[in-house]
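Here the chain labels run A, B and C in written order, and each chain numbers its own residues starting at 1.
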Amino acid sequence: MRYYDHLIFDYSKSGRCGYTLPKAAAPEVSTAVPEGLRRASAPALPEVSEVDVVRHYTNLSQMNFGVDTGFYPLGSCTMKYNPKINEEVAALPAFAAIHPLQPVETVQGVQAVYAGMEQMLSAITGMAYFTFNPCAGAHGELTGLMIMRAWHRSRGDMGRTKVIVPDSAHGTNPASAAVCGLDVVVVKSNADGLVDVEDLKPLLGPDLAGIMMTNPNTLGLFERDIKQIAALVHEAGGLLYYDGANMNPLIGKVRPGDMGFDIMHLNLHKSFSTPHGGGGPGSGPVGVAAFLKDCLPYPHTEGQQDNETTGSSAGCTQRVDLLTCGPFDPQKTAGRVSAHMGNFGVILRAYAWLLTIGRQHVREVGPIATLNANYIKELLRDAYKLPIPSVCKHEFVFDGLINDGAREGKEGATTLDVAKRLLDFGFHAPTIYFPLLFHQALMIEPTETESKETLDAFIDVMHRIAAEAAEDPDILHAAPHACPISRPDDTTAAKHPVINWADLQAE
Amino acid sequence: MAKVETGLKYAETHEWVKVEGEFAFIGISDYAQHELGDVVYVDLPSEGEYITKGEDFGAVESTKAASDLIAPVSGCVEEVNTALDDTPELLNEDPYANWMLKVKLADASELDSLMDAPAYEAFCK
Amino acid sequence: MHPYIPHTPDDIRKMLDTVGMKSLDDLYADVPQEYIYKGDYDLPDAMSEDEIRRFFADLAARNVKMTCFAGQGWYDHCSPSVIPYLTQRSEFLTAYTPYQPEISQGTLRYIFEFQSMVCALTGLEVSNASMYDGPTAAAEAVRMAVASTRKKDVVLIASTLLPQVKEVVRTYASYSGTVIEEIAASDGQTSLDALTAALASGRVAGVLVPNVNAYGIIEDHTGFAEAVHAAGALLIEYCDPSTLAVLKSPAEWGADVAVGDGQSLGIPLCYGGPSLGFMACKKDYLRKLPGRIVGATTDRDGKRCFVLTLQAREQHIRRDKATSNICSNQSLMALWVTIYLSLLGPKGLAEVNERSSASAHYLCDQLVATGRFTPVSSKPFLKEFALDYQGDARALHKALADKGILAGVVTGDHRITFAVTEKRTREEIDCLINYVKEAAL
């Protein structure tokens, strides 16, 4: 990676352009926009050539790290390999050129993707139906909570405005609940890092909408008491929401639907291999138990199709019943949650992945991801504090270095320092300072796509960093040493926001 | 060790109150600024607004956290320390010299529920 | 063995030894047995790459390729070949959110450029890094208006907004207790009189109006900002960003917030997603703006660099007090739009509007000349327009669909809304006109 200090605006020169347009189809109409509706001056966009654009963005890309560059042990993010055949499928013009309002008879291929995905995700999770309209995980959470509220509302049960969230939950859980107009009540973890059932009991009542849980939880631990929790919550009239951010270890092993969850979301950009794209687009489909079908957001694909179309065999030319976006009950539906039917291009990629995995390999995904996590944990616990030593699932948490090198006149190396030092060795940093239960949290999730050799190399580097810290923590304080930039000044950025080209020029 | 200035009243949410006649000055404690780290922004109400004890009246933001400010007393805002708009770091430099609001006390008895300096010092331990 | 799971049986055995277990099942010993799924997964057989290609080619064949004259929020504009070539670079495609700025300057820089371009188009001072799509951005803007004004619970939305925008805004609002009221239109454009009357309640936190509405009409918002601000509310403009090359910007209308969908900036239709939403505002509302924001700063050596800034507002720190639950953006689509706007520049984007507008006016005139259509409004339009049809609009639409033409969107029993972009050739437009003339419906 090499430092490159330009913005596209630097290349702008009046009169340059980087486009061609088709021949004009009709003579220009000068009167289309009356004077009073025209803007006073042209927007300050750059004027650059095609070559400028290609070189600039190629140079920018070379300051970026991706899954294709190296290992990403990022906890709770499931950074697995993004297969290339998925990209090929998503780029097919017969999908990419479809207008969302085309008559449904003319988009049966598209609808079959939704129907096929719904069927496969239901098989994996034990849910009955899926909506694909949410565009990301947090959007899925919000949609799931809307479904929860819509269900209570449809039964005239208006007083259920409280949602219980464990203290170890992802930060999005309480934020999504607040956006959905729910009051968040926190349930504590016990000494084992699991939801404290005794602490939960007094929180249950007629104002309970439901509980949001992830299982395994953010500490990578399986919530063993889930059966009792589900019974208690259901008894109190609440629903159970499953945060699918941690679904990867359960793929091929455990189904949230079987544990009593009524609503869940999945992140197709995590467990289902679609690329993160530097922060999106993702996809956050939401699955529901059968009794919640009418509360799904609209539009939703309806209709039966035979197995041929979902790929039980390679061919699928056989004509099936028409798939449509059926009518919905305005008194029951959660509503419309996005422009149309979510990020179709992302759903296509996940479909391709599921077909590659198929019934033969689905049982390998979760267990191998879990094996990888436990392997790293066992081999690094001699150098990093392990607050919860029991078997983990897909991820686990260290609480900083055992020996941070602190001594008279010298601060010890922190989790942030370890993270930054890792960058020097060609690894992405783990998730740091989350979960909030630990002060120096380092959360590691390797996924099933990383080989033993990759993990061994990572473990070696983590040991080397621990040794450096013990010897001289300043090596870590000063890291990274080998990246395009050193540590940025966040304080100045937040205190004096410079957030566009005009601000930058005014500097 | 965080400094606790004597002669002030403190809330459990780490705001301090300094009473001068019928007015009260409100700020955040040294402990609070230390926990927040580099303060980058302070969101305060305008003059003439009414703040209510126990409710949030603004927020302090640092690079790593954002925290609501909870009113330790009720009253009408008489004056706002506008220096904090451009130099929020004053809260890190001296949190006791740099008050945030001056309010006209609505109910002086509300002060009774606040801690004095020794009690607050013990509370922070 | 599977190409995405690199473990050999020997690797698995060695690794199990290391963790002190005998089998992979032991890793799940803490899971109550009743939850271990023992059934058969109802999934298809695993496919090879070539089988996948064939499978999707077969599915693709069940879609009908149509010549697109439909709009209603999704427009078939030309898109330069450079864009997918660059956005598919794996350093962009396979990167995570840029939380580690030292190895994410590529992503951070293009987001900064994206923000700059959104500011240039809208005339506003602040933009975020993008949102899911236009309708959800509008819903977030409504939340922002309510959060920025104290104790007001009503938001007025134009009845002329696209249906998907109104529906998403209503959905979000229904859960947070915000009351949504529609502002009536006259001659197809949001009425200032109706707006003024609705503002009188004193409960209005924000007003959402489109720059170009569902009928394709360019709305005149003269006097809107004054009325809205006098009532202590925020003016939010919902914009088609492509049109901002020529139309009055949200800032020029006096708007506090601008939102919209980036699809019109060269993003493929792709059945409606992925696209992106954009959101810009005046500097006063910077700290209320949801989503990510990238800012410039320097590193320890004084080098210019970029970081995610103002993160304290965000969900991972603020939890239930956050400005929004959004924790991603449509980053790669922001790159798409940034490259599109770089290539076209101010002149190219204006030309796109002029060409589209010329073609739309030509089609409109020709359809009206058949004597079977009448314009819904006499107001000015760019690339989209609504006509009333003397016969059954659905039957006509179906007849043309059978010929491979997506003849607009049926927006009423006797109404069709057409959109024409610079991508449609004269032959395609004439073909549509001729089929309409032939169709005896």
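Simple rule for what comes next: a contact is a pair of C-beta atoms (placed from the backbone, for glycine too) under 8 Å apart; a residue touches a chain by one contact, two chains touch by 3 or more.
Everything numeric here is computed off the predicted structure, so don't read it as measured data.
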For this session: Go through A-B and B-C and name the pair with more C-beta contacts between its chains.
Result: B-C
For this session: With centres defined as the mean of C-alpha atoms, identify the chain lying farthest from chain C.
Result: B
Exercise. So what's the Cα centroid distance for chain A and chain C, whole Å?
Worked result: 19
Exercise. Taking each chain's centre as its mean C-alpha position, how far apart are chain A and chain B in Å?
Worked result: 38
Problem set entry | Averaged-CA centre spacing for the pair chain C and chain B, given as whole angstrom | 42
For this session: Could you tell me which residues belong to chain A and also touch two or more other chains?
Result: 490, 494
Problem set entry | For chain C, residues that touch 2 or more chains besides their own | 310-312, 317-318, 321
Problem set entry | Overlap residues in chain B, where contacts from two or more other chains coincide | 40-41, 61-63
Problem set entry | Parts of chain C lying in touch with chain B, wherever the complex brings them together | 287, 310-313, 317-318, 321
Exercise. If you look only at chain B, which of its residues touch chain A in the complex?
Worked result: 38, 40-41, 61-63, 88-89
Problem set entry | Residues on chain B engaged by chain C in the complex (per definition of touch) | 40-41, 43, 61-66, 68
Seminar exercise, completed: Given the complex, residues on chain A that touch chain B span 490-491, 494-495
